[in-house]
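Each of the next two complexes has chain A plus one other chain: chain B in the first, chain C in the second.
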Partner chain A sequence: MRSPDRLWDRGGPEEARPVAQGRRSASFLSSEGLFAWLMISPGLVLMVGLGTLPLVFLVSLSFFRINLTNPAGNRWTGLGNYIRLLADGQFWNSMQVTAIYTISGVALQIVIGMALALFLFRVFPGHKLLRTLIILPVILAPIVVGMLWRTLLLTPRFGALDYISYSVGLGSHEWLTNSRLALLSIIVIHVWQWTPFAFLVFLASLHALPVEPLEAARLDCRSWWQELWYVILPLMAPAIVIVAILRTIAALNAFAAIYAATEGGPGTATQILNLYIHNTAFVGLSIGYGSALGTVQLLITVVVALLFFRFRMRMA
Partner chain B sequence: MRPLASSSTAASPRRIRWQALIAYPTLAVILLVWTFPLVWVLVTSIKRRTDIFTAPPTIFFQPTLSNYVFALTARPVLANLRDSLIIATAATLITLAVAVPAGYAYARLRFPLRRQLSFLVLFMQMMPLLGLIVPFFLMLTWLRWTDSYHGLVLVNLSVMVPTATWLMITFFQDLPPEMEEAAAIDGASRWQTFLQVMVPQAAGGAAVTATLAFLTVWNEFLFAVIISGSRVRPVTVGLYGFLQFEESLWGPLMATAVMAMTPIILVSILAQRHLIRGLTLGAVR
Partner chain C sequence: MKRKRIDRPSRRKFLGASAAGIGVAMTSGLPSIWRGRSQAYAAAPAAKVVDPELAEFEKAGIDWKQASGEQITVMVIPSLFFRVAQEFSPQFTKLTGVQVTWQVIPPVQMREKHVLDLSTKTGQFATVSTDPTYYPLFATNNWVEELKPYLDNPALTNKEWLDLKDIFPIWLEAASYNGKLYGLPYDGEATLLLYRSDLYGAKNIAVPQTFDDLLEAARRLHDPANNFFGGNFGYHIRLINMYIWPSIFRAYGGEWFDKAGNPTVNSKQSIDATSYYVEFLTKYGPPGVANWNWPESLDAFVTGRLAQTFIGSATVPVAANPAKSQVVGKFGVGRWPKGPAGKRVTSVWNWSFPINKAISPKAKKATWLWIQWMASKPMQIQTSYGYKGKEESRSGVNRVSMWDDERYRKTVAFAPGFADTVLTSIREDTDIDWRPRIPEWPELANILGLQLHRALAKQATPKEALDEANVKIAELMKR
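Showing the complex of A and B:
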């Protein structure tokens, strides 16, 4: 594991060799510049052609009324789709559901992942086996996770978790079809699948912490709690922020597990923005309006990504 | 620097006892919470229907393979697995072929627009999947490329190429400069330096990237459910179709899930070191 002061040095040759900073980079025609462009161009063509251009196309589509069921009605509407969006109750509902899902999901992953990492960060017999087993939910397809929770765990009466809930006196419930429980259930499913990721990252970061401040803290701090609050958590702050941002981006891209578990229902209780875009564009076939919703999703992602970049720059 | 884990001798014996007291129950709870559902999938897949729908759940039962037989004969599971294998393998190979040279160039060479383009790489791997699939669906429909292997490979590449390039950049940056400089002094060409000196050193990183790419494409559902049709259907979509129409056939459903996830679990066990490194790398660095 690298030492913390190297953790954030992700810059290229220029950052690594400050001398080079004032120097102009190699020109297109120099042998280095030409060779480099040959090396990056296949990847660049794929990335721009399959990623950047479709996103530009998405934004342009959002200014048209396009419905695949009625091609004759396709026309330019300017900001029409965005005006419709402002008055669309389903859109605002999906924003609210997305916010609750993302914020509570990420917070729970961090708190639980950190707690588990702190309890288990010493090397103990069997820790390799634990790492092998705990990574399994992360590598499962989200569609499988959603399916397994919907059937084996949460089905009233026959699901294992529902049975446990019933046995301990909490009662049997319609976990995924009751509008008050469904959102909670899909958050639990998300947290179950992804907490092992946060746990493994925090475990790796704890093992990479410098020993000296911790040993000093052990002498200075009166309690384990003080040591945690004043020494360990501040040292872990960069890892926590990175996990928070990465998991936020991932939660904003959530789809398959919810689709398998509730399909956004009951009603619109678990319809996150992604599911609303999907239903608008691919069920209702309103590509224009779906693109406007997709553009909102793009803007949200860009804001989160910029936060990530700013944070990385500050660390560097 | 000494790793923290080895410093337990510095702690008082009382502290160690207290930590062991709390660590082992925590461990048991973790294993129960995160592995029981997976064990339950496996167990249900070999239960007869009468053993599945019982309350309380049965623990002792006569195992059966009939669910596997049913799934394989009534559903096109094998064809779905073949489609997943083709798409994931093709996408992984293409991703590696473009990401390894690009990662090397971004990490080690100086060229115009290097900063701007590496920023774009970082940016593109965070882009929203729903925002990509709406225009992609329209374009593939125009080209009549929906429901085809190349359509599905292309849409997966849109996400995998920037992600893999970024991983390869970090791996090449970590390599020491000495070998590269020695090769230059020996008069090796740029291409020879890359292929014979740098690629062998980055082989571990390429394995991490390949594992992650294969896993991501195999598990991918959103693109697949929109782009695939009756001819080409990855196993994730096949499984969803099964769930949609036969939700109560838990036994065959779980048997299908086991067959769909076995390749992934095998890859993860074989490439375990790579996998954990690949998954946590973006976060720890």
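Showing the complex of A and C:
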């Protein structure tokens, strides 16, 4: 009897299946299973080699004291690096910065992206041009975005945005070097670059919504807000969750734009966990401790992604 | 089956081929064989024809072709002095038969790649432009070759021709660790005060001789309402601040460690030095200065927004270039002011080249030839006062004799007394302990640089920041 999970087993006529030609032998070597494995093996090897093995290596390094500035002291340290990070003020600071950056950044992207999608869902003169302009930031490299904001937009007195702020009487500010403003500034930079992604997903999702409930809502709802709240947003929920998942993972792994804009400063004001890992491992050359920090980062990303997926499954 | 047809040469083909054969023979080897036979009894063999471009290098008398066919990759920072050197790369290939691939990467990223390459022993880079503070790390880990065997091997080096005694001794010392030499310097600099001489003159301000003078000059020239600022120290962004702060720290009498080896970066001298640094920048620095590196500082100076700054002497040509600067003829250079400890302290800075231990023996030979070529006097001349290309002239040559040579001094007359100021700074103000010469420096700098940045951003007082740095450095040294 055929195994139900065979590659071509979609319940079609027996004679139409390619497997019919290979019935001469029941051995694994001539089976569909082998063929399937052969087909996926190049991708699998690449995925394991370039994705899984480095992660396993990362986790294994985290149990060692490895410091390139003093290799003579390298040794097995068990959970030593993890115990060290519990008492590391910079680690907790970077966790806090990462949380603020991620939560506020993703929430703003969803809200602004949805507002833009609803606005540009309508057809009016110039809507195509406006859509194109809105998605431009997303095609820039994050390092370019960081440099752009640092030099041309936020430089006190000379950057375009600071100049506008100064000109309208709001004063000139040290956007990237003031401890309180710097975090706000990098969140704004992140939102500016990645809201277009949310906008695109939401716009596509709006176009794919069934027409009947929307027409019914238009008759039944008293206001546009009710229509939005009771009909459109529930229908859009899967898209919102997908955007939230993808953008949260991306925000947790942000690096280049912040590095270019502030390098994590002033002090540690914008040092998210990723930057702290970079500084520890590649500037301070503490590979073991940096690996422990990297493992924590990995765990956080996996847990957050799993929670989101579980939420999505429950919704489905 | 068809028989294979054998083509018989026609008369025309035969005559043509014969004529061509004789022609080739005449224009190539045969006549010289005949001439050689007829001149077999001449007194001496014909002199080797030397390419004029290579003549100065051939004087070394070594076999420059001994690593011919080898390919090496070198990594350098983006800078005028390496751009000029890169223009001469085909000359090196012509001289040695060694192909050189250049990778140009900003310093912070370059150091990261370099350390990764050395520590993983991948041998990706045969040599990398290295600053002095990395030699203890490289030597301790046995990642780079000691150069003495190369220098002592007459097949590889003509010591007289290379003339190491003509290279600034302190630069060679900085490229050494525990008395062993690991790198040869190509270019270097002293950190100088760059000031607006026209404004100093207008307000009758003398060139600052002490830190108090410097603060006073900044106070008198500071005019933020007109976007003009009293000054800065050039390099302030996190980690890069460790290029400038050590000069203030040492001029205040700060010591890195006590006699027992305990860190002392939170000493009274250190706190005073940091307080001065923070006060100066907070009161008279441009807004956002904590995020500035030398390009921003130089840009502000050459566009007339900054009264004074500190800058590596190799960068001064930009301020004297009318295409890039609005202050040509309006600026001067000075030595670091004296600190409360009564001494001036400038950076020990040069870019030197070590040999990666992980590469093959032949590649090591090729690399040594390249390093020798870069450090040699003919190369230093052709990239400075002998240079006829499109870039500015170099201002950081490694040869003491060139700094005394009028031809060189003329090309580096960027400001009155430039050559003398650099020379005096290197000779008198350079402090070999400007930074501690220990393998742990990268991590120590990471810790201290961060805490200084916190102090500048007012996230901590100088004392709090330095106390925290001291605790962490103590932990580091124990590990």
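Note that the second predicted complex is superposed on the first by the 267 of 316 C-alpha atoms of A that agree within 3 Å, B and C clash if a C-alpha of one lies under 4 Å from a C-alpha of the other, contacts with A are read in each partner's own complex, and residues count from 1 in each chain.
By definition in this document, a residue touches a chain if its C-beta (ideal position, glycine included) is under 8 Å from a C-beta of that chain, and two chains touch if they have at least 3 such contacts.
Just so you know, these numbers come straight off a predicted model, no measurement behind them.
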item: Contacts of A:214 with chain B and chain C, given as first, second, both or neither; value: first
item: Which of chain B and chain C A:313 touches, first, second, both or neither; value: neither
item: Partner chain(s) touched by A:303 [first = chain B, second = chain C, both, neither]; value: neither
item: Contacts of A:107 with chain B and chain C, given as first, second, both or neither; value: neither
item: Touched partner set for A:174, first chain B, second chain C, both or neither; value: second
item: Chain B or chain C, by number of chain A residues touched; value: B
item: Touching partner for A:42 - first (chain B), second (chain C), both, neither; value: first
item: First, second, both or neither for A:283, with chain B first and chain C second; value: second
item: Which superposed partner A:294 touches (first chain B, second chain C, both, neither); value: first
item: Partner chain(s) touched by A:264 [first = chain B, second = chain C, both, neither]; value: second
item: Contact residues of chain A, present in both the chain B and the chain C interface; value: 150, 157, 282
item: Touch list for chain A against partner chain B, complex; value: 1-3, 7-8, 10, 12-14, 16, 20, 25-28, 31-33, 35-37, 39-40, 42-44, 46-47, 50-52, 54-55, 57-58, 61, 116, 119-124, 126, 130-144, 147-153, 157-158, 160, 163, 167, 192, 196-197, 200-201, 204-211, 214-215, 218, 224, 239, 242-243, 246, 249, 252-253, 255-256, 259-260, 273-274, 277-278, 281-282, 287, 290-291, 294-295, 297-298, 300-301, 304-305, 308-309
item: For the chain C and chain A complex, residues of the former touching the latter; value: 108, 112, 115-116, 119, 137, 140-141, 227, 237-239, 286-291, 439-443, 446-447, 450, 453-454, 456-460, 479
item: Partner chain A, residues of chain B touching it in the complex; value: 1-8, 10-11, 15, 19-20, 22-23, 26-27, 30-31, 33-38, 40-41, 44, 52-57, 94, 97-99, 101-102, 104-112, 114-115, 117-124, 126-132, 134-139, 154-155, 157-159, 161-162, 165, 169-170, 173, 190-191, 194, 215, 218-222, 226, 236, 239-240, 243, 247, 250, 253-254, 257, 260-261, 264-265, 268-269, 272, 275-276, 279-280, 282-285
item: Chain C-facing residues of chain A, complex; value: 65, 67-71, 73, 150, 155-157, 172, 174-179, 262-269, 279, 282-286
